[in-house]
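The structure under discussion appears below in the form of structure tokens.
We call the chains A, B, C and D, going by the order they appear; numbering starts again at 1 in every chain.
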Amino acid sequence: MGIFIDRRTKVVVQGITGREGRFHALRMRDYNPDVVVAGVTPGKGGQDVEGIPVFNTVLEAVKETGANASCIFVPAWAAADAVMESFAAGIELVVCITEGIPTLDVINMVSQANVDGLARRVIGPNSPGIITCGEASIGIMPGQIFKPGPVGVISRSGTLTYEVVGLLSSCGIGQSTCIGVGGDPIIGTTFVDCLGAFEKDDNTKAVVLIGEIGGSDEEDAAEFIRNMTKPVVTFISGRTAPPGKRMGHAGAIVSGSMGTAESKVKAFQKAGVPVANTINQIADIMKELL
Amino acid sequence: MKLHEYQAKEIMRRYGIPTPRGKVAETPDEVFKIATELGGRAVVKAQVHVGGRGKAGGIRVVNNPDEARVAGSEILGMDIKGLTVGKVLVEEAIEAVSEYYLGVTVDRSQKSVTIIASSEGGIDIEEVAAKTPQKISKMWSTPKEGFMPWQARSLALDAGFDEGTIARVGGYFSGLFKLFEREDAELAEINPLMVTKDGKAIAADAKITLDDNALFRHPGYSDLWEEEGDDPLEQEARKRKLTYVKLNGDIGVIGNGAGLVMATIDAIKAEGGEAANFLDIGGGARAEVVQSALELILMDEAVKAILINVFGGITRCDEVAQGLLKAIESVNLDLPVVVRLVGTKEAEGRAILSETPAVTADTMVDAAKRIVAIAGGGI
Amino acid sequence: MGIFIDRRTKVVVQGITGREGRFHALRMRDYNPDVVVAGVTPGKGGQDVEGIPVFNTVLEAVKETGANASCIFVPAWAAADAVMESFAAGIELVVCITEGIPTLDVINMVSQANVDGLARRVIGPNSPGIITCGEASIGIMPGQIFKPGPVGVISRSGTLTYEVVGLLSSCGIGQSTCIGVGGDPIIGTTFVDCLGAFEKDDNTKAVVLIGEIGGSDEEDAAEFIRNMTKPVVTFISGRTAPPGKRMGHAGAIVSGSMGTAESKVKAFQKAGVPVANTINQIADIMKELL
Amino acid sequence: MKLHEYQAKEIMRRYGIPTPRGKVAETPDEVFKIATELGGRAVVKAQVHVGGRGKAGGIRVVNNPDEARVAGSEILGMDIKGLTVGKVLVEEAIEAVSEYYLGVTVDRSQKSVTIIASSEGGIDIEEVAAKTPQKISKMWSTPKEGFMPWQARSLALDAGFDEGTIARVGGYFSGLFKLFEREDAELAEINPLMVTKDGKAIAADAKITLDDNALFRHPGYSDLWEEEGDDPLEQEARKRKLTYVKLNGDIGVIGNGAGLVMATIDAIKAEGGEAANFLDIGGGARAEVVQSALELILMDEAVKAILINVFGGITRCDEVAQGLLKAIESVNLDLPVVVRLVGTKEAEGRAILSETPAVTADTMVDAAKRIVAIAGGGI
């Protein structure tokens, strides 16, 4: 049901005693009380956050609660360490909300997912999280705007995704899983990874992809979609952004001739993938496709 | 954070990479003195955070200290692409028999560090990649795997370096990778690496950009920071800890979330308007942040109207509306404002807005239409 | 025939254009002309050393000559790099003669042999090399003193080994393979590794083990010999060495209560392994055993 | 190369490990001045390359600058196990609620770096290992794998550290491992790490030994080198680039190869004699090296006879004999010498020896017998 997470996922929240960690851990639990099983804050083992047990290490949390996914709210300087700890403890999916992690730390933590031929996964960093509608939420996305249904949503952004999801829900188009892959230059799970999973997911009939300037993930996605059976509707933000400037997201930057919105729009059009010019058009095109 | 050439070279020397003898100067007299110490031919190079110094006249080869003083007096104070030259690097002139390119940077799609070598040194590497891609070779590595001299030698051979240079270049390359990793760089580049008649290899020009996110690991780097080159409004934004980019239009834009703000700017453009800025107040901003953002936008004299677009999640609509109220009081905000608020505490937010002259809109497209109409003179 | 190397081994000599590399490459070739196939010195590719072709990289040497072993004569600062290059080029056995390599470099190069579950081998560093008598010599051991026969010899030392081999040969006791495992604290191939290989080698009927103070390789060997079918005669040098002093070899040092000659002698005696008190006794005991 | 505590602490601070405030002093007046700056209680600690300073009276806690001056005047110039104290470290006194041990060193049998934590700080770690092994925990890593703070936290928990300290200690441990790797240490140790009432963790004592083989990578370290503690003959040997260890007997020993020389010394002992030194001339030594080795041995007044044991391989016997001949001329070598030469150019060597008064022997055991007899007074 949906991709990457579902009602059987068991999450440990790393940094649960911090302001953000605590707030969002409780919101995730509100979405599905079975999903949030533990928290970790070194030195605060034995405490609890409104009933969620806190451990000193992820390994303890995994042993005691059977957690298989982790959500990272620790500060940027400690984030790579937190991800490494998760993987060493046997966690298979890490959702990293933390923003502003040094790029080389991100490279190390993301490459750690696949050492020794393992197929573990980092979503993010600088991700708003992932929701499989009606089943589980990991991250900071506002659960109440989502509505179960057949459309997968992938995005590099947070609020723009909510905007699109809000629009889809209001048009009666529900969602299977919504993933914010993160706004950083290096991310663990790319558009292509998500598209591949959606293609295999029985509950997903179509996909919305919300891209932006910077990098070439959208171009790679365009190539991938050529071989998909399910329709994908795309939208690119930052079309009017000037080159050489980071538009809020560390990854949203046109460097030299790389990463322009034109290149991305052209790649989708060349692959026969519809590109919405406005948010509203996304819903219009999707209505026709379903 | 971009470093000046002279700063980059100081760091490279710490990693065993030879650079020309030289020093930095801020007055023509200092230039004269350094050129005298060096003896012989020298190069006087403007230290500015911008490409194309050479074409702009910011680099001069001189034959003696007197010529150096003249060059110094001409380059110091020069305006290059809007930046005033405050420092010059005075170095011995190197006679090269060949020039190479060595660079280390991040490869987004490979999720790793890429090491680039080219036998075409001294030229913009994007240009080489476009015109003679066979003269460029690349390898990838993660910081954990490291980059060994033998890999550098293979890469250099592959890129067409002269065989005689590869033994030496291996260590320099490996040093450049180590520098990249240990100093948390985004870019570390030697272009050109000059090889002299007697087989020595020297970093004739050097560029380092550091990862701003990693500056906490390098407390010393705050001393290297020089603000020149930033827009004064962007400098002010940094002081206020706001994520802001100056643009060329007349509509001030505030939103929460980078993607949403970019899309809002695009929507304004689609309606025929032009945003004056990008400004992301981030997630969960309180009224004071919204107020500060509005104050910043009002410092931009080009701004004729303001659009606030917030999709409330962690961010509460009432806090945004309060922020607007405060700004109206604190800085006499009297420009037309269009506000679009949805999500958490939307009703409370709208109630507050009703006390202000702000125009409200229901959707992003609607909001963009209204603000463009207003800025264009209508209502 | 013997262990680790034989007449089919093909060696590339790294650092062949240096004084030492050149001298010993030619001596190795004297021992068996088929064994030394290539040399490597970066920047000197295309030259030759009395007919031995020199390449810029090990990979080229492997591609052109089919080399499967390497002998390292490069300076200490470049040695780890040379070993890494060998392994990356597909070499399976590296004999590292170089002395004075920084310990952390040694750890990195030695651990490289086994990454990704590979069973490659470093002999040394600070090794005099390895000879399978009558078949192949890699390193700096004087070929003329060796005599083919049934006794395997393992040692942490160079000249002391020659002393023992000279004695054995003069008593008519020939050798199968002689290995100098190296005098450094960290070495790639230990006594136990060699004993295991000798135990399986049909040509070896007995083993001489020449240990010295420092570390615990002799103690580990004593445990291993308990389960061997072939007899082992041992000798320990440095019995009178003072604690805390490095006796020439970087690895020959008694640290605190660790690495004493008494501990080693006791370990062998406890395991029922004969310990010779003088060099001459080695031959006496061996004569009885064979 | 062992560093002094104050040098080790300087390096640790660069890796983010907090140490007590303090400075090094060479006179009682300096001690007074530093204690005044620090205010409050202070510790005056002898800086010598030897263990057991405390028991020898080389560490004193003082309550005010006057007491500090007295302690300084008493410790400076003090003799501790044969070393004269030339410097003291004057630091603020730390009030600890608990003391831990953190160490990083090389593990020979695991072929890796080992990281050791213990909840028993301030005590010799070998002693803790012997008496309460359950209070020690270890992990292993290679420099490439690194050692992450989370691993350090697990290790600290396992070793029985107080839970409240593990968050902080993780980073310090990781820093210590990074220091070990980047500075090429053989040992990096904090003992004790003191935790104060307010939860701060501070390296109260610090020890670093650097890998001599890696000093080429750290040109700055030559400044840290202090020769105190070495035997004067060993210092002379270092100048002559000879591998030499001073021993307590009266028979000078020269050989080629560490194992052979050790075995020769053992053989002398087995015959009832006692070697005056270990001296390895290495492989391929020329006559000049042999001559220099003999000169060095003659500087040792305890030496009554000399044994030369060479198994010629790369080393040529004729060069060794020539070296002896030269030494006889250059320094008037008139002590009895036994020489045992076999291998490369043996005949030539023996021919040269026949011109000298040296006694020859055929085997190592034979040579040992003869030299012991000679040193004992017989012939």
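The rule is short, and it goes like this: contacts are C-beta pairs under 8 Å (C-beta built on N, C-alpha and C of every residue); 3 or more make two chains touch, one makes a residue touch a chain.
Since the structure is predicted, the reported quantities are computational estimates derived from the model, not experimental observations.
Colleague: Could you tell me the least number of steps, going only between chains that touch, from chain A to chain C?
Modeller: So the least number of steps between the two chains is 2.
Colleague: B-C versus C-D: which interface comes out with more C-beta contact pairs?
Modeller: C-D
Colleague: Please tell me the distance, in whole Å, between the geometric centres of chain A and chain D computed from their C-alpha atoms.
Modeller: 54
Colleague: From the C-alpha centre of chain A to that of chain B, how far is it in Å?
Modeller: The answer is 27 Å.
Colleague: Would you mind listing the residues of chain D that make contact with two or more other chains?
Modeller: Each of 144 in chain D touches at least two other chains.
Colleague: Going by the touch rule set out above, which residues of chain C reach two or more other chains?
Modeller: Where chain C is concerned, no single residue meets two or more other chains.
Colleague: Touch graph of the chains shown: is it line, ring, star, complete or other?
Modeller: Graph shape here is other: it fits none of the named patterns.
Colleague: So which chains end up touching which?
Modeller: Every touching chain pair, ordered by label, is A-B, A-D, B-C, B-D, C-D.
Colleague: What does chain C use to touch chain B in their complex?
Modeller: Residue list for chain C touching chain B: 41-46, 56-59, 78, 81-82, 84-85, 88.
Colleague: In their shared complex, at which residues does chain B touch chain D?
Modeller: 144-146, 182
Colleague: Which residues of chain D touch chain C in the complex?
Modeller: By the definition above, chain D touches chain C via 106, 108-109, 111-113, 126, 142-144, 181, 184, 186, 211, 213-214, 216-217, 243, 245, 247, 255-263, 265-267, 269-270, 275, 278, 280, 283, 311, 313-314, 342-344, 363-365.
Colleague: Quick check on the complex: what are the chain D residues that touch chain A?
Modeller: That would be residues 148-151, 153-154, 157, 163-167, 170 of chain D.
Colleague: Provide the residue numbers of chain A that touch chain B in the complex, in ascending order.
Modeller: 23, 76-77, 100-105, 107-108, 110-111, 140-142, 145, 155-163, 166, 183, 185-186, 210, 212-217, 220, 235, 237-242, 245-252, 256-257, 277-280
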